[in-house]
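After the C-alpha cells below, expect a handful of questions from me.
Chain IDs A, B, C, D, E, F, G and H follow the sequence of writing; residue 1 opens each chain.
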Amino acid sequence: LRQGFPEVIFGESKSVGQIERIMAALAARGNNILVTRIDEAKALAVREAFPQARHHAEARCLTLEQKPVEPRGRGTVLVVSAGTSDLPVASEALVTLRMLGNAAEHLYDVGVAGIHRLLARREALFAARVVIVVAGMEGALPSVVGGLVNCPVIAVPTSVGYGASFGGIAALLGMLNSCAAGVTVVNIDNGFGAAVAASMINRE
Amino acid sequence: LRQGFPEVIFGESKSVGQIERIMAALAARGNNILVTRIDEAKALAVREAFPQARHHAEARCLTLEQKPVEPRGRGTVLVVSAGTSDLPVASEALVTLRMLGNAAEHLYDVGVAGIHRLLARREALFAARVVIVVAGMEGALPSVVGGLVNCPVIAVPTSVGYGASFGGIAALLGMLNSCAAGVTVVNIDNGFGAAVAASMINRE
Amino acid sequence: LRQGFPEVIFGESKSVGQIERIMAALAARGNNILVTRIDEAKALAVREAFPQARHHAEARCLTLEQKPVEPRGRGTVLVVSAGTSDLPVASEALVTLRMLGNAAEHLYDVGVAGIHRLLARREALFAARVVIVVAGMEGALPSVVGGLVNCPVIAVPTSVGYGASFGGIAALLGMLNSCAAGVTVVNIDNGFGAAVAASMINRE
Amino acid sequence: LRQGFPEVIFGESKSVGQIERIMAALAARGNNILVTRIDEAKALAVREAFPQARHHAEARCLTLEQKPVEPRGRGTVLVVSAGTSDLPVASEALVTLRMLGNAAEHLYDVGVAGIHRLLARREALFAARVVIVVAGMEGALPSVVGGLVNCPVIAVPTSVGYGASFGGIAALLGMLNSCAAGVTVVNIDNGFGAAVAASMINRE
Amino acid sequence: LRQGFPEVIFGESKSVGQIERIMAALAARGNNILVTRIDEAKALAVREAFPQARHHAEARCLTLEQKPVEPRGRGTVLVVSAGTSDLPVASEALVTLRMLGNAAEHLYDVGVAGIHRLLARREALFAARVVIVVAGMEGALPSVVGGLVNCPVIAVPTSVGYGASFGGIAALLGMLNSCAAGVTVVNIDNGFGAAVAASMINRE
Amino acid sequence: LRQGFPEVIFGESKSVGQIERIMAALAARGNNILVTRIDEAKALAVREAFPQARHHAEARCLTLEQKPVEPRGRGTVLVVSAGTSDLPVASEALVTLRMLGNAAEHLYDVGVAGIHRLLARREALFAARVVIVVAGMEGALPSVVGGLVNCPVIAVPTSVGYGASFGGIAALLGMLNSCAAGVTVVNIDNGFGAAVAASMINRE
Amino acid sequence: LRQGFPEVIFGESKSVGQIERIMAALAARGNNILVTRIDEAKALAVREAFPQARHHAEARCLTLEQKPVEPRGRGTVLVVSAGTSDLPVASEALVTLRMLGNAAEHLYDVGVAGIHRLLARREALFAARVVIVVAGMEGALPSVVGGLVNCPVIAVPTSVGYGASFGGIAALLGMLNSCAAGVTVVNIDNGFGAAVAASMINRE
Amino acid sequence: LRQGFPEVIFGESKSVGQIERIMAALAARGNNILVTRIDEAKALAVREAFPQARHHAEARCLTLEQKPVEPRGRGTVLVVSAGTSDLPVASEALVTLRMLGNAAEHLYDVGVAGIHRLLARREALFAARVVIVVAGMEGALPSVVGGLVNCPVIAVPTSVGYGASFGGIAALLGMLNSCAAGVTVVNIDNGFGAAVAASMINRE
C-alpha cells in the first residue's frame, strides 16, 4: 500500500517468526502496523515480542500504533452486518477502517428477514458517506441497503452457511447480481479489501 | 396429476400436431385442459382446432375450460414478483392456480431495492394463505417476504439477468440459503410447479 | 420466528458460553427453547447449566420445555428417509416438528432401490397432511413419494455420499428436477427448515 | 469398432458430401452401415444417393443393410424410458442394438412419479439379460429399475429438462450416485454407447 | 434511481412499443432519459418516435436530453479498456457517466501484455478521481492499474474470449482475487453499474 | 443385494458397535459378509469380536466367510490399474469380485504414459470376459484398454491427483467422454459398484 | 507479437470493414499478415479487396504473404490430431506454424482408442522437435504421445463432443492432469496459441 | 522419465518405508534421485537411512546426487514468482530444474500490483531461454511477463488465496486466457511439471 497507509501484513500463511521479523523491520521505520488474518495463538505469541501491540480477537487482527492515526476521511463509513457469524469479517473491516484514519461505525444484527430492524436504523444509513455491507447466506442485504441510500455500497460476501451456500458463492453471486445501483463487490470474507476501497472513497 | 386437477400438457418439446392429438383425447373425456410452455405461434395454430381454448400470451399457456373450475382452496394464493422480466413466470403460476380452483392475486413491481413499495402492500401479504415469490437476479425477495409473513412461501427463481446470474443459478442459490424460515424452492422458471404445490397447501 | 413458535438457537458457530447466555435470557421469559446443530460435547456442557433440558443426540438438538407444547396442526406430518446416514437430518426435522406442536411420524429405511418396502407403507403415506422426504445420493425418493401422495412434499437433500455426490449437490439437483408435481425443496441437510415449512402448511 | 459390428459413422459434424463418400467406401466392402446423429435434412439428402438406406427419424439414424443382421445375443436387451422427450435417445439405442444383432424391446412412459405403470411391467423387466434405462430430469429411474432386476443396468442421462437440469447434469449425477448395485453410466444422450456396451454384455 | 439521476430504462427484454411507452411517460415529466442494452434495430425504431434522441451505437444506448446535464462530480472518471472487443462495455460506462454529470475520459488499447502502452499514459491515470477498468480474457488489467493509482478502481469483467474464458467467469474471478488494494468488482459486462458506482464516489 | 450375493455392509459412517451388531445378525443366518470402507482401527476392533474375519488392509474391507464362496462366473474379470495411489480402489474391486464368486485378476502399474507396459500384457487383456479399469488423473486408461479389447469395460475414476483433478472429476469426465465403444462408468472411487456390475455381466 | 513474426489479426469479433482497414494499414508497411478465426463469408469478402490473399477454409484463416516466409526453426513441429472434428484447430496451428517460418507436419486420425495407428507412426513422432497434440472428448492423446517422445508436448483441448464434454472442459482437465512429463496446455480450441509457443521453442 | 533424467519419486501418498525401498533400488543402479512432495517429517525420517541425501525444506523435495549433475541446457531458465506463498512451488521448480542439469535463477516478490519491481529486473527476463511464472490469486503475472519477453513462458497457477480463488482455479483460468502469445500452462501447484517441460525446451 503505497498510499500513506499503515503497513499491512497478511498473517495467514506466515509463522510467528516471520511476522515478528517483518514487524521489527517496519516498526524501526516508525510506521503504524496492521496484521490481518492472525489467529489467537499466533497473536498471543507475537504480543510477547511487541507488548504494546493490540490484539483484536474477533477481527483476527493485531495493530501497532506508534504514532496517532491521523483522521483523513470526509465522512463516516458505516459497516452493516446481519448474523453473528458475519462479525469477524465486519470487525476486520472496522479495525482496518480505523487504522486508515476513518470515522467508522457498526450496525449489526440487521438481516433481510427482519426488515424493520434495518428500517429502524435509517438515520445511521443516511448519514454515511460509504456503506460496507457484510452478509453470508443469500447475500441479499446489500440490495436492500443500496435501495435505501444514495452513497456507494461495498458488498462483502461471507463464507457463512452450509449446503448450497458453497462457502460464500451463493452470497457472492447474489451481490454481483444486485438490482440496486451503486453496489460493488469484493472477494468472499475480504473485510480488509472493502475497508481499503471505502477509505479511498472517503478521502478528502 | 392424479388429484382431480385438470389435465396438464407440457408443450415445450411437442409439435402442434402432437398437442392437438393429446388435447382431443383428453377433451373427449370432458376434462379441463392446461397447456404450459406453448409459444405464440403454436398457440395460434392449436386455437384453430380448438377455437374455444383461451391463449394466455404472457404466461405462454393455453386453457380449455369445458366445465366451470370448481373453487377449492381455503384462502388466497398471492403471487409476488419484482421486475417486468419475471412476469411470464408469475403469469404461468397465476393461470395454473386459477385452473386448479384457487383464488389467486398478483402483487408486482415490488423488488428488494425499493423496499417501501413492498411494505406499502403489507395487507395483501398478511391476507394470503400461501405466497409464491418469483424473482431473478439476486433472488432476495423471498427472504424479505418470508420475514414479513407467517404463512408458507414458495420461491421461484427466474432465469432473468446476465453475466453472473448464470441463467438463474444466482437466484436459485440465494433462495435455497434464505435466512427466513418457511421458504421452500422449486426449479428455475417453474411457475407451474410452484402453483401446484401452493394449491395442495391451500386445499381445504 | 415471530409466529408463536418456540425460540430457536442455531448452535453451530456458537460457543457453550454464548448458547448458555442466550438460553438464560429466553428461559427467563418462560419460552420453550430449541437449539439445533449442537454437537455432543457442547450439549453435555450446556445441560450442566440447564439439567432439565433434553438432549436429542441423533438430531444434534437440545430442547427445553418450560410449558407443554400446544398441539396445533390439522394432521400428521410424515418424515420419510432412506439410508441410515440420513437419520440425523430426519431426526432434526422430527424434533423441530414436535416442538412446533405437530403430530409427526417417521418412516425410515425405505430407499428407491427397494421400492416394495416403501409401497408396503402406503397407508402411512396416504394418511399424512404433509410429507418431508429426506434423501442423499441420487435424491430420487421425493419423486416416487410425490407420485404416490396428493399432499405437499418437502424434499431435503442430504450431504450423504461420496465422489460425484458432491456433498449433496447431486441430491439437490435431482429434487429440483423432480417430475412429480407438488414437490418443493430446501437447502442441503436443512431438516429444521423443512419442519418449519411443513408446520406452517399443517397449521389449522 | 473392431468387433464384427457394422461400420458406424458419427454424422453430427459431417456434411452430406462427407457422409456419402464414407458410406460409398464402406458399402463397397459389403458392410452394413449405421449413421448416427444425422438430422432430417441430411438424412433425406443422403438417401437420394443410397435409396435402399432406411431413415429412422426419431432415432436420428440412417441404416444400410447389405446383408441380413446376424442374431448374436444370449437374451433380450430391454430399453426403458420415461417421458416423451427421452424417446430420441431411446430410439438411437434400439436402432443400434438391432443393427448389432440383439433382440431388443422398448418399455416407455414409465417414469418414477407413476411407479405403478413400471411395476405393472415387471415381467418384461425380469425377462431381460441387460436393461438400458434412459431418463432426464432427476434421473431416478435406473435406481428403481436396478432395485427390481438382477441383471446389469446401463443408465443413459438425457439433456431433457430446464433450469437446474443443466442440460443433463442433474440426471447424470443422480445416476452416478445410484444406490442400486449393478448400475453403470454413459455420457449424456449417448444411446449409441449404451447399446454397444449392452451388446457386448449380451454376447454369447 | 432515486438520486436526481436521469431516468434509466433497461432495454434488453423490452419491445420497441414498451420502450416508447415508458419514454413517453418519463419525457412528459421533463426528465432526461437513458436507455441501455438497446440493439441497433430497436434504437432506430425508437428514434422515429423520438427524433431528438441520440443513438450511441457502440454503447448500445439511447439518450434523450431534455435539459442540459448538470455537472456534479469532483474530478474525472477515467475508463480504461484493453482489447477492441471490450469497447461496447467501456462505451456503455462512458455514456452513463456523462448522463450522470461526470467529466469522463477513455484510455483504450492498453492491455497487460503491452505494459508500456499503459505506463506511457501514467498522467491520465494519476489525474483521475476514480478509474473504471474494463477487461475480458484473464482480467488482469485492474491489478496493474490498481497498483499504479491511489484512487478507487472499479473492475468490469467482460464476456469477451472463448474456451476457458467461460463467458467472463475467468475475468470475474481474476478481478475478485486482485492483489491490488482498492479494487471492487461489478457483474460481467455491467458498464452501466460501474458508472453509477463511480458517479456516487465522484459526487461532491 | 437380493441376488444370492453375500451380505454387504457399507462401513463408512458406521461405528464399531453398529458394524458388530449388523454382522452378528447376518452371521446368525449363516451368510457370508463383506464390509467395505472400514478403516484400519475399526477393522482391528471388529476382528476382536469376529476373529475368523479377514482384514484386507489395502482394500479397506473385512470379509467373513462362513461357507465357501461358490464360483459362478463364465470367465475372468480383469482389474487394470495405473498408479500406486489407485491400488486401494482396485483392491476393493478385487475383494468384492472374489466374494461374489468370480475368477479375478489384477494388472497394475500400466498407465497411459508408458503404453508399452500395457501392450506387453495384451494376452491378459484379451482373455478377460469383463475388464474393470481403475484410474485417476486424466482418466485415459479405459479409452486405450477399450480400444484393445472386445469385451465390456467398466471405468472407475479415482480421487487421486491434485489441483485440476478436482477430487476425481477430471478422471470421471474423461471416462464419460471415452471415444472407445463399450465403456461404462461408475462413481468416483466406487470399486465395489464396478465389481458388482462386472459380476452380473460375468454371470452364467 | 513483438517478435519479428507476421502481423496477426484476431478476426472473430471484427467486421469485414474493420479487417480490411487493419490489413490495409499493415500491408502498407510490407508485412506478412495472418488473420485467424475468420469465417467463410468474411474471408470471401476480404479477398475481394485483397485478391492475392490466400484463404485456408478448414483453418478459418486468411494469409497475405508479401515477402517469402523466412525459415527459422531448428527442427520440425509435428501436429497430431485424432478425430475429424479436431481438424479445424489442427489446421489453424499448421497455418500459423508455417507463417512463423517453421517446418510443420500433420499426423491425423490417430486417436487413443486405436493405439496401433499411432504406434505405426513412431518415426514421425521421434523426429519432431516439438509436438502439438490436438484432441477433444477425453483429451487422452497428449498423455500417450508424451509417454512416447522426449521433446516438449503442447496440448490443445478442443470443444468437440457433447454432453459431459462441456464444450472442451473434459479434454482441458484431462490434459492438465496428464501423467506424462513435459506436457503443457493452452486454451480450448487455441491452435494459434499452441503454434506460437511451439515456434518460440523451435527457434534457433 | 525415460529421458536420461534422474529418477523421480512422487512422495505424496507414499510412506517412509515405501520411499526408502524405492530409493534403495534406484540408488543401487547408481542413479541420481529426486523425491518431490515429501513433507518435513518424512524427509527427516528418510534422511536417517540416506544421510547423504539433501533436504530442500521450502521445496518439499529430497535429492540424492550420486554423481555430478551434467549441465545440458542451452541457456538459463528463469523462475519468476510473486507472493511469499508462491515460494514452495517456485522452489520445487528450481530444485527440479537443477537436478535436470539446467542453469536456473529465481526472480521473486515481483507481483503485478507493483509493476515497477518487475520492470526493474528486465535484464534478467530478457536473458532467459525459458521463463517459468508461478502465481496465485488472479494469475496475471504470466501475461505481463509474456508481453515483455520473446521466449516461451510456462505458467504455474498456485492454490494460494481464499474465497473466490477456489484453490487455484481463478489463477488457472486467468493463465489459460492469457492474451500474451507463447504462454502455456500446467496443473495447479505443478512446479515439477513446469520444470520438466522447461528443461526439454532448454535442451541443446
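By our rule, a residue touches a chain if its C-beta (ideal position, glycine included) is under 8 Å from a C-beta of that chain, and two chains touch if they have at least 3 such contacts.
Molecules present, by chain and UniProt name: A, B, C, D, E, F, G, H = 1-(5-phosphoribosyl)-5-amino-4-imidazole-carboxylate carboxylase.
These numbers were taken from a predicted model, which means no experiment stands behind them.
Asker: Farthest chain from chain G, going by mean C-alpha coordinates, please.
Answerer: Farthest from chain G by mean C-alpha position: C.
Asker: Sharing over half of the contact pairs with A-B by residue number is what counts; pick that pair out of C-F, D-G or F-G.
Answerer: The pair repeating the interface of A-B is F-G.
Asker: Rounded to a whole Å, what is the gap between the Cα centroids of chain A and chain D?
Answerer: Spacing between the chain centres: roughly 57 Å.
Asker: Quick check: how many Å separate the C-alpha centres of chain A and chain E?
Answerer: 27
Asker: How big is the gap, in whole Å, between where the Cα atoms of chain E centre and where those of chain H centre?
Answerer: Whole-Å distance between the two chain centres: 41.
Asker: Suppose each chain is reduced to the average of its Cα coordinates; what separation in Å results between chain D and chain E?
Answerer: 50
Asker: Would you pick out the residues of chain F that each touch at least 2 other chains?
Answerer: Where chain F meets two or more other chains at a single residue, that happens at 163-165, 169, 172, 176-177, 181, 187-188.
Asker: When you check every pair of chains, which ones turn out to touch?
Answerer: Here the touching pairs of chains are A-B, A-C, A-E, A-H, B-C, B-D, B-E, C-D, C-F, D-F, D-G, E-G, E-H, F-G, F-H, G-H.
Asker: Using the touch rule from the top, collect the residues of chain B that touch chain A in their complex.
Answerer: Touch list, chain B to chain A: 82-83, 111-115, 119, 137-140, 143-144, 146-148, 161, 163-166, 169-171, 173-180.
Asker: Give every residue of chain B touching chain D within the complex, in rising order.
Answerer: 12-14, 157, 159, 167-169, 172, 187-190
Asker: Considering the complex alone, what residue numbers of chain D touch chain F?
Answerer: Residue positions touching the partner: 1-3, 150-152, 154, 172, 176-177, 181-187, 193-194, 196-197, 200-201.
Asker: Taking the complex as given, what residues does chain B use to touch chain E?
Answerer: 84-85, 160, 162-165
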